[in-house]
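Here subunit A shows up in two complexes: once beside subunit B, once beside subunit C.
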Partner chain A sequence: MLNRNSMIAVILSLVLLPTLALAQSAEQKGLEIALAAKAFDQGFADFTANMRMTLKSRNGATSTRLIRIKTLEVEADGDRSLSIFDEPADVKGTAMLTFSHGLEPDDQWLYLPALKKVKRISSRNKSGPFMGSTFAFEDLGSQEVEKYTYKFLREEPCGDWQCYVIERKPAYQYSGYTSQTAWLDKKGYRVVKVEYFDRKKALLKTLTASNFQQYLGLYWRPGKMEMVNHLNGKSTTLEWTDYQFKTGLSDRDFRAQALKRLK
Partner chain B sequence: MAKKYAEWVIRYKIFIVILSIVVVMMMGFGAQYLTFTNDYRVFFGEDNPQLVAFENLQDTYSKNDNVMFVLVPEDGDVFTNQTLEAVAWLTERSWETPYSSRVESLTNYQHTSAVEDDLLVEDLAFEPGDLSASELARIRDIALNEPVLINRLISPIGHVTGVNITIELPGIDPIVENPEVVEFIRSLREEFRQIYPDIGVKLTGIIMMNQAFPEASQYDMSTLFPLMLLVFVGVLFFWVKGLSGTFATFVIIIFSIVGAMGLAGWFGIALTPPSFAAIMIIPTMAIADSVHVLMNYVLAMQRGEDKHEAMVDSIRINMQPVFLTSVTTAIGFLSMNFSDAPPFRDLGNIVAMGVMVAFALSVTFLPAVMMLLPGKVKVRETTSSQAMGRFAEFVIARRSKLLLGMGLACIVLISFVPKNELNDDFVKYFSEKIEFRRDADFASENLSGLYMIDYSLESGLDGGVSDPGFQKNVEKFADWYLGQPEVINVNVITDTFKRLNRSMHGDDQSWYKLPEERELSAQYLLLYEMSLPYGLDLNNQINIDKSATRMTAMLRNMTTKTVLSLELRAQKWLKDNVPVSMQNAGASPIIMFSNIGERNIKSMLLGTSVALVLISIILIIALKSVKIGLISLIPNLIPAALAFGAWGIAVGQIGLALSIVTGMTLGIVVDDTVHFLSKYLRARREKGLDAQDAVRYAFNTVGLALIVTSVVLIAGFFVLTFSAFQLNSNMALMTGVTIIFAIVADFLLLPPLLMALDGKEQANA
Partner chain C sequence: MKRILLLLSLLTIAGVSAAQEFSGNIALESLIFSEPGLDASQMDDNITLSFKPKWTGEWNDGDDAWSVEIFLRADNRDEGREHADIRELLWLHLDGDNEWRVGINTMFWGVTESQHLVDVINQVDQVEGIDGEDKLGQPMIHLKQYHDWGVLDFLVLPGFRERTFQAAQGRLRFPIVVDTSAPIYDSSDEDNHVDYAFRFSQTYGDLDLGVSLFKGTNRDPQFDLGPGIPHYVQMTQVALDLLLIADDWIWKLEIIHRDTDPSAYQALTGGFEYTFYGVYDSDINIGSLAEYSYDSRDEGQRGVFDRDLFVGARLAFNDAQSSELLAGIIYDTEKHSQSFRLEGNRRFGDSWKGTIEMQVFSNVDPSDPLAAFEKDDFLLLEIARFF
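And now, the complex of A and B:
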């Protein structure tokens, strides 16, 4: 069902976009691109992957974290995701469950094995650094269409591809950013680059994604993401491996009570 | 030879005047490249060990350049709806500050609490306009008991609060970046005052201090510089007796400044308050050469010579001594290149260039332009030279008593030199005329100071900040530190761990202690980090592999000596109590400034010695006498020693500013000796006079000029003592005192010495 819907959306958007572009406002066109990107990725059902996070400080020191990610696609709401920390050793077994919502604060729980307890994180903040990295949780969480307002800026080459360049302004009140500029390639709607602008409207960070691979002949995922913080000179690299789609995960795997039993 | 040269100058006077103007203008074009530095780091050479340590620390954690808004509600209570709303408003707007990376205040402080089984992390005062009286009381209670806030963002009695903005200047174009921040901050303050007129606002922090450097120079430029020129015109007009001479000298002063500052621009020197002081030191140096030339010119005309004859005569007898004194003065200033603080190197180089430009103009432009300007002097015996003659007789008659008396006086005064101790206070670099100084003083008396020391405490293992053993050591060190009388606040990660532990146990105060397991700490930290908003993360306290933590101690405003003794005790404590990996030197701007005085004195000692040797060799060669050259050492060295002795009695503390005075004054005081000795030797050799008559001759020909130049110098440096920059005013005061002692030594000590040591030989020696 999902699959057929999404395919229709993709085809529709591909056919309609160029013709609509003539009569559209920049805002409409921006939104169309965001919707098309969402449609393109719809129907993956679930995926799992391993993430290696390498932090780099201004003076070149590095530090590594290993995290397993499980994501469940949810229709009409944000996705659910589960992060299980394997390294560093002193947080091994810690697991974070996130129900992301569009404009409402996300629901988040953290299981602390040392305390043997699940704690709910009650915070409006999504913009703090994720595990001390240059990524904010906000940057990693699922990108629901309603999280932003959009504006088409231009088309331009991006590496070997042609890209749409769109501006998106966070609709979430407690976002750490005033706006983002995103580069999406015209063929696969892959987000190849994002520039993040902070509250003083200065360029704060740049994300570049590369080594894209297509899974199940449909879903593009980057093998590498790098986030550079221009203000403090720090950077973080994410390397993704072992992507698996449609592994049969369900709601039951994404419950706060289930966190304790994870391996 | 000098005579031929003088005649040549007078023949081509118009050409020389035009050429001088053209050359000075060409040098002056370099002024367009002059810039004002606004970074306190310029005081430190690139390889200064304390600077390197501090830069490393900042690269590991985060920078701590900052701006602090200090808010003073009129009703004396921070915990009201109105004031907290103002704090929240200012906090929100402060995020727009250019290059800001972090904004901390009472309202956005991330308070952790337990709600049932969950951890709640939220702003301490969220939407403070709507808070009830009991909520306000609760916030007050939390804030006044929170070690992270007290004496940092809230005063212990809750009457003053701060909004602290951390700034990461990219350092790509420092000339633009710092003022950009300050401009924004000041306009934000204006806006704040419009909306909240009942709350006083003061500004402090490193960024504001940086800005105070150029502003202090601008203050000096707009107030002291005109005053100084006025004083000089007055002095000149009185002594040189004539509008022409005064005008010509004034032009030379301006040309020397233009030339030297222009050359500084061509060489790419960036201005700082110390190096900018060159603009006020050059005139005092430039004026001396002209005075010598003009006074002999006037004296010759008074004897009945015509203009041309008089000028040729003056150039003939002044060429060598004026050249010599310029070179020795330049060497004295160039000795500042040994200084550890680059601004003083720049000062030395700029003044040295100015001195040489002034010399060149005094023997080209000055005689040429004087021939073009009108000027008549009546033939007469002046009263002042009669006075000089009487003074010479007094010195000659009492020579033995003078030698004994002066010798004794010198010994007594010099015995007070060791009473000086090395000490400085770096906020006091700025006088109270500067707003930053007043605001910083207020902040340090009521809230928190600029005096901080950072320690990077390393566990030696990845994730070691969660290790209970390491945490215990950090806690012990923090406790020890907080117990020191100089310390008002210690910001340390263990307080965060204790707070988290308490919140994880239902806010039970008995759990306000360090977690006992490493995993527990690490997982608390992970949980806490997930809950923090943008810009309030722990990157400023924990390095990326979580192996080390930064502890920041905030100190009362204090002198460098106290800072160094505290750091010494801290290092001893670390050595006695914790593993080697934790034993790192404290680093911070105040540590840097505390060390630079001593480093500078050591390096300047070498510089001054080199200058002394060079100057003595030049004197021996120029005066063609080893004996006279060696005798000259006494009046050259004694003034600085006497000045430090007097300083030891009156003040007793020397710092960065005074470490350069000896080298600098050496070149100046030598001038008096050179002029006196060259006239003395001329009398001995050319006129075959004995020592007594030669002393008489020297007093008559050069005595008055020496008094005039000394008065000019003392007046010039006296004006500079009113500088808004304390380093300059102390330096000027000390230099002025040294010059007074120099003229006393040259008039009362040198002649008796000459008569005692040189008198027994034949006149044709």
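And now, the complex of A and C:
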């Protein structure tokens, strides 16, 4: 049985898109695609997953981080997410809690196990590298529709699929990008590729996502993501495992002061 | 020491067999002083080893958990620094919006960087550092309650931990060696006095607020009853801590009113941290910090941070090795004493971490509490293996 949100997604993709496509601007069509992608993913309630992050330097040296992720869907606001670090060993037990708020600055807390201290931190550092990787904080944050303005560019094949290609420009403050070009497949709105353009409008990074799997028959997630930085030759691979949806997480699992009780 | 080692090995065996998670680190520390100490018996350099294992486990689908964390330092030359402590020996029980913690625990309250006025639950493990960030495990029954309007903490603290002090050979100590064998207590319950603490905290958008109350044995000893004899009095402390985030600025404030012997007083530490993100298109963030501390007590009774300004810079390289550098200076605006400190660390490989620390005391006024450390400029190198 389809739930209400996926019904909306089906209606949007079957009815709205083809009819509106006749007489709408590239901006409107870009927004419609972003809304449809959001509707496709809505209603997941919560998920947990394990992430293995492998950093590769220009000369091939690698280092690994293991991070457990918990995400709670919040209606009418950005998602809440918790990242718990298991490796490298010196940061084991460190946890980061983020309440994302669309265009408003996110609330963010860090738990430092060495000091046993919960520290409120500024979420202003959007364009900074996450754990020394080629992923910036903004690349891994909750992707709310209102965070960008959109423009439909074209349709083209992307591997075995057919893709919408849209341009999105960050509408939030302190982004490191002037724009992003995203490839979303027409069937499942899976983001298969993103190109990031820096403040000088030069191509800075490319993200490619693969090994998609569908969970609960609804929600697509990539098993692998790779982010290449074209300027410094570094790359980072994320391998996602143990995805679980609707695990029963609630507000209680996303409290700043409860960060201490995690291992 | 033998008894401690026996206890430690028993706990290790028990821990390994029952734990679901084991972590910690072992570290080799080398300490070099730039000149001989004020007292001829003090050493000029030292190499010590520390070990901090932690075991955790949970049951009832995570509603119940336990953790044990032990700290041990082996020091051949300073018997005051050679010590073992149980930082955690805890049962945690989650019951909806209530969290119970029973056992021994270490916790942190407060927001400022240079001094920790609000943080009075645990005794300071002073032989581990003069910044007050190493603390001894405190026995407690702790209930944390979550409400829509804030978080409440209720603590009952049975038993008191004495502050640790260096022995005669140790550096960074008072001119008179502290005799930890015979402390004097004002309370007839001595170190069995039961203390109480309470805290309310809440986040209001960009503002974090904490109000706390402590009633019990003052963790800071006085030395008014005899040379080198720690004297522990009673106190009631009301405290406020505030943190406000405004874009690149973080504003921090801690204020206390401490009713204790010989007289009640107020103290505060407040300031800001302003961060430059991605300087010159690099990945480096530079945080600039400034904090001022005030203590209302009469001259001679005040702590180190009485009319002091702390100015510092924090460099986060945001590289794969998580390299960091912190440089700071504490300046007494009345006595003009200065203390400069540099701290840096980075990861090597996946499980090693190197730390460098340097501290220089200069122009120290003889009446400043820092005068005891005047000859104690040091360089510390540490290499730690994490597991």
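Assume the second predicted complex is superposed on the first by the 254 of 263 C-alpha atoms of A that agree within 3 Å, B and C clash if a C-alpha of one lies under 4 Å from a C-alpha of the other, contacts with A are read in each partner's own complex, and residues count from 1 in each chain.
Just so it is clear, a contact is a pair of C-beta atoms (placed from the backbone, for glycine too) under 8 Å apart; a residue touches a chain by one contact, two chains touch by 3 or more.
Everything numeric here is computed off the predicted structure, so don't read it as measured data.
S.K.: Clash or fit: subunit B against subunit C, after overlaying the two structures on subunit A?
M.R.: clash
S.K.: Applying the touch criterion given at the start, work out whether A:Arg58 contacts subunit B, subunit C, both or neither, answering first, second, both or neither.
M.R.: Touch partner of A:Arg58: subunit B, not subunit C.
S.K.: Who touches more of subunit A, subunit B or subunit C?
M.R.: Touching more residues of subunit A than the other partner does is B.
S.K.: With the two structures laid over each other on chain A, which partner does A:Thr94 touch: subunit B (first), subunit C (second), both, or neither?
M.R.: first
S.K.: May I ask you to decide whether A:Arg154 touches subunit B, subunit C, both, or neither, giving the answer as first, second, both or neither?
M.R.: Neither partner.
S.K.: Examine A:Lys116 and indicate which partner it touches, taking first as subunit B and second as subunit C; both and neither are also allowed.
M.R.: Only subunit C is touched by A:Lys116; subunit B is not.
S.K.: After the superposition on A, what does A:Ala202 contact: first (subunit B), second (subunit C), both or neither?
M.R.: first
S.K.: Let me test your reading of the model: by the given contact rule, A:Ala258 touches which partner, first (subunit B), second (subunit C), both or neither?
M.R.: Second partner only, subunit C.
S.K.: Of the two partner chains, subunit B (first) and subunit C (second), which one does A:Phe137 touch, if any: first, second, both, or neither?
M.R.: The answer is first: A:Phe137 touches subunit B but not subunit C.
S.K.: When the two structures are overlaid on chain A, which partner does A:Phe85 contact: first (subunit B), second (subunit C), both, or neither?
M.R.: So A:Phe85 only meets subunit B here.
S.K.: What residues on subunit A does subunit C touch that subunit B touches too?
M.R.: Dual-contact residues (subunit A): 55, 57, 63, 88-91, 115, 117, 120, 122, 124-125, 127-129, 131-132, 174, 176.
S.K.: Which of the residues in subunit A end up touching subunit B in this complex?
M.R.: These residues of subunit A touch subunit B: 55-59, 61-63, 85, 88-91, 94, 96, 108, 110, 112-115, 117, 119-125, 127-132, 136-137, 174, 176, 198-202, 231-234.
S.K.: Using the touch definition from the top, list the residues of subunit C that touch subunit A in their complex.
M.R.: Residues of subunit C touching subunit A: 21, 23, 25, 56, 58, 65, 67, 92, 94, 96-97, 99, 106-108, 111, 133, 144, 146, 151, 201, 203, 206, 208, 243, 245, 247-248, 250, 275, 277-278, 283, 285, 318-322, 347, 349-351, 353, 384, 386-387.
S.K.: Across the complex, what residues on subunit A touch subunit C?
M.R.: Per the stated touch rule, the residues are 55, 57, 63-64, 87-93, 105, 107, 115-118, 120, 122, 124-125, 127-129, 131-133, 174, 176, 252, 255-258, 260-261, 263.
S.K.: Could you pull out which subunit B residues touch subunit A in their complex?
M.R.: Those residues of subunit B that touch subunit A are 56, 59-60, 62-63, 95-101, 115, 117-122, 168, 462-463, 466, 504, 517-524, 526-527, 529-539, 542-546.
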